[in-house]
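Structures incoming, each one as structure tokens.
Next come two complexes built around chain A: one with chain B, the other with chain C.
Presenting the complex of A and B:
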């Protein structure tokens, strides 16, 4: 039973990293991304492949996975971040589908069978197959991500991001290079998702493309929206709730996607700021915006 | 010359919003752009601040060609502006809004920030001190923790000016700063603009309040249908028959503009 709780805690940790990183893009920078799971997958596959084929240590593979995912983020970000809202959503959605298809069809990624026998991390005498140790490892990376993001959003860069989110043109007039910021944040968020991917691969030790498809992107998006866009604690809570709840309702697993979709729509209508969001920032994405306009 | 606008044109599809506009602004002066609504004044501001690229013509700020540069680069060259319809960062506090204006004066990239180097913290402290002085200057010192969009209308206008001043600009563009203000607030605003000039900041403003314009501007440029139809000191403008016909004459029965 303890094993089971440890497992849930580890998975929650991974989703916290994913939700926090996606929140940077959506909640702080005001950009839409529907392909976040692709970076998660790229991190997982990178880490798995280099540890399997080149016997690289996990502790080297982890940062390499982050860098590779970040490079893909940069590559996608440069041409696409000039697009706005709906268009950016479509492009990131497309990117997610393309990565999924590539993982499914390449020989090196094992196609639909994926990769098996991914070595668990090893450091001195510590065996990370013991879930307590793995949870500790995940907790460290979560703490690193939390520290990094909270420092970022409370700095001048965080203010710049929020300015871009609230009024891009005004932000630019204030001397903020909005495109450079959007691309950097997209890259950083992709890198963090890559970290989570690597941690996932070496925990489960078997991966296939199914874990990194649109379903996962939408799940992480729901976590961010549920917790509150632009709220760090919100992402942690959103990720926790949406990892634990499905466990409690296992019997209805077939209806999970339906439930996420319904929850997302309900939130956007009645509580667009999410559980812990501040309310003002998410107007951009919600029906409440039009309502506010009418009231004026 | 401090700011030189030469043969500046802008068209939106078939609409010629600005047609070969030329004027100059002297260093340290307060100068006004006036004209009926739709005359191209705000378009002119948008071109100067880089929000829109010009179709033709040149804009030189302190001798440097700035037309076609992106707005964030023009801001770094010493230009700040406010907007006709107030554009505050609604999700941020009053203090944060003005701190955004300090962005270009703070250094340290992402990595230095993430390491929270002592220098970054010192800069942040200095910026806060400076910004609090500015809030005091515009009379908002006691509201720094308020959310920007919870301020009263006149306060929002002053906050926007404080935010622009935080860029420590050489040239400040004010787009209808007195719009929607009552006579008392307008008086305060005139005093504020005069105080801004004393900080060695050149002010170019668009305004419909003739009392304000005639009282504080050294020179006035009159726009009509995308063209400059007159320019000169307030006294000459007041007596210019073309101006009276295009604008001032109509002002009598359109006191709501």
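Presenting the complex of A and C:
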């Protein structure tokens, strides 16, 4: 039983990293990524492949996975985030489909069977097959992510990002390069998703493309909206709730996606600030409402 | 060989163009990418297939029934998922559309199961040989029907009062309202027409590939969006040109490069257009 709770805690930790990073994109780029699971998958496959084929240590593979995912994020962000229109959602949706296609078709990724026997991390005498140690490892990365994001949000760059979020044109007038900021944030978020992917691969030790599809991207998006768009604590809570709830309602597993879809619409209509949204984002949305009318 | 690929491409492309028209009209009027467009395509196909399986009705009756179901579903969608959120941050209706898309897709999966369904009517189609290129009358019928719907739409927008009112609403909602146009109704009509066209596209593809399944809308939806961007989002002739070009490019890519990555061609085109000419070939309107 303890094993089971540890497992849930570890999985929650991974989703917290994913939700936090997606929340960065939503809260600070004002756009949605539907390819977050693809970055997660890229991280998982990168880390798995280099540890299997080159016997690289997990502790080196983890940052490499993050960098690879971040580079893909940069490649997608540059053509998409320079533009005024909201193309990111559909471009990342397409990216997710392509990554899926490539993982299924390449020999090196094992096609639909995926990769098995991914080595669990080892450090000195510590064996991370013990779930307690793995949970500690995940908790460290979650803490790192939380620290990084809260430092970022409260720094000079964080203030620039808020200025862009609240009124992009004014921010540009003040000399803030909005596109560069958005692309950097998107790249960072992709890298964090890669980090989570690596942790997932070495925990489960078996991966296939199924775990990194649109379903997972939508799940993470629902976590962010449920917790509150733009709220750091909200993403943590949203990820926790949506990891634990499906475990309690195993019998209704077939209805999961249906519930997420309905939940997204219902939340946006009745509680757009989510469970823990401080109202900042909802105020932002009402600000944007007046602005949209004026600009039209 | 080259001519053959172009011809196959034009057939698929004419269907992409029909879906792209829905995207472009809705984007034009609301500034919203309707993620559920692919699901309306799926709904049209399912409605027709199920009706034909259950009752022995005339094919054309079933075809218009499918279009009608997609159209009504589109209007309901606008009423429930988009209208309450109108005027807010563009992110909000976008996420709502994503929710609607996943909701409809999983609803279809629960109601109809994951299996492929073949089209209930077997048509007798002849293969014609024109200048060394084989053309089936099915391809000609699809291409012809798509062109017919496009012509109908262009005529509607250009020459009817409703069409002009829709254009006025797309240009400036407040001014349109001042001119006595019922903006809500124009948006509903836009959804009705765009969804009906997507439904028609779904039925044609269900006949062409002889399969109907809950996730059938995902890829055509994505490709049609790429087509709309290629032609210029918000631009009606642009959606038609973009759809046809994309269909041809995809088939040439599959024929001369690698058939395994056929579905990636549309995505590559989308990225290139966004990098090189984000307003599209014919120029779109930015919202």
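The working rule: the second predicted complex is superposed on the first by the 276 of 296 C-alpha atoms of A that agree within 3 Å, B and C clash if a C-alpha of one lies under 4 Å from a C-alpha of the other, contacts with A are read in each partner's own complex, and residues count from 1 in each chain.
The rule is short, and it goes like this: a residue touches a chain if its C-beta (ideal position, glycine included) is under 8 Å from a C-beta of that chain, and two chains touch if they have at least 3 such contacts.
These numbers come from a predicted model, not from an experiment.
Applying the stated contact rule after C-alpha superposition, one finds that A:230 touches chain B and leaves chain C untouched. By the touch criterion stated above, A:182 is placed in contact with neither chain B nor chain C. Of the two partner chains placed around the shared chain by superposition, chain C is the only one that A:80 touches, whereas chain B remains out of contact. Shared-chain residue A:255: touches chain C; no touch with chain B.
The partner of chain A that touches more of its residues, comparing chain B with chain C, is C. Touch criterion met: A:169 reaches chain B, while chain C stays clear of it. In the superposition on chain A, contact of A:155 is made with chain B only, not with chain C. In the superposition on chain A, A:265 makes contact with chain C only, not with chain B.
When both complexes are overlaid on chain A, the residue A:98 reaches chain C alone and has no touch with chain B.
No residue of chain A lies in contact with both chain B in one complex and chain C in the other.
Against chain B, the residues of chain A that register as touching in their complex are 148, 151-152, 155-157, 159-160, 162-163, 165-167, 169-178, 184, 188, 230, 278, 280-281.
Looking at the complex, you find that chain B touches chain A at residues 49-51, 70-72, 75-76, 80-81, 83, 87-92, 96, 99-104, 106, 108, 110, 113-114, 116, 120, 124, 127, 147, 149, 163, 167.
Residues of chain C touching chain A in their complex: 33, 35, 80-81, 84-85, 87-92, 94-96, 98-107, 109-110, 172-174, 218-219, 222, 225-226, 229, 233, 260-261, 263-264, 266-267, 270-271, 274-275, 278, 286-287. Within the complex, the chain A residues that touch chain C are 26, 30-32, 34, 76, 78-80, 83-87, 89-91, 93-95, 97-98, 101, 105, 214, 218, 221, 225, 229, 254-258, 260-265, 268-269, 272, 284-286, 288-289, 292-293, 296.
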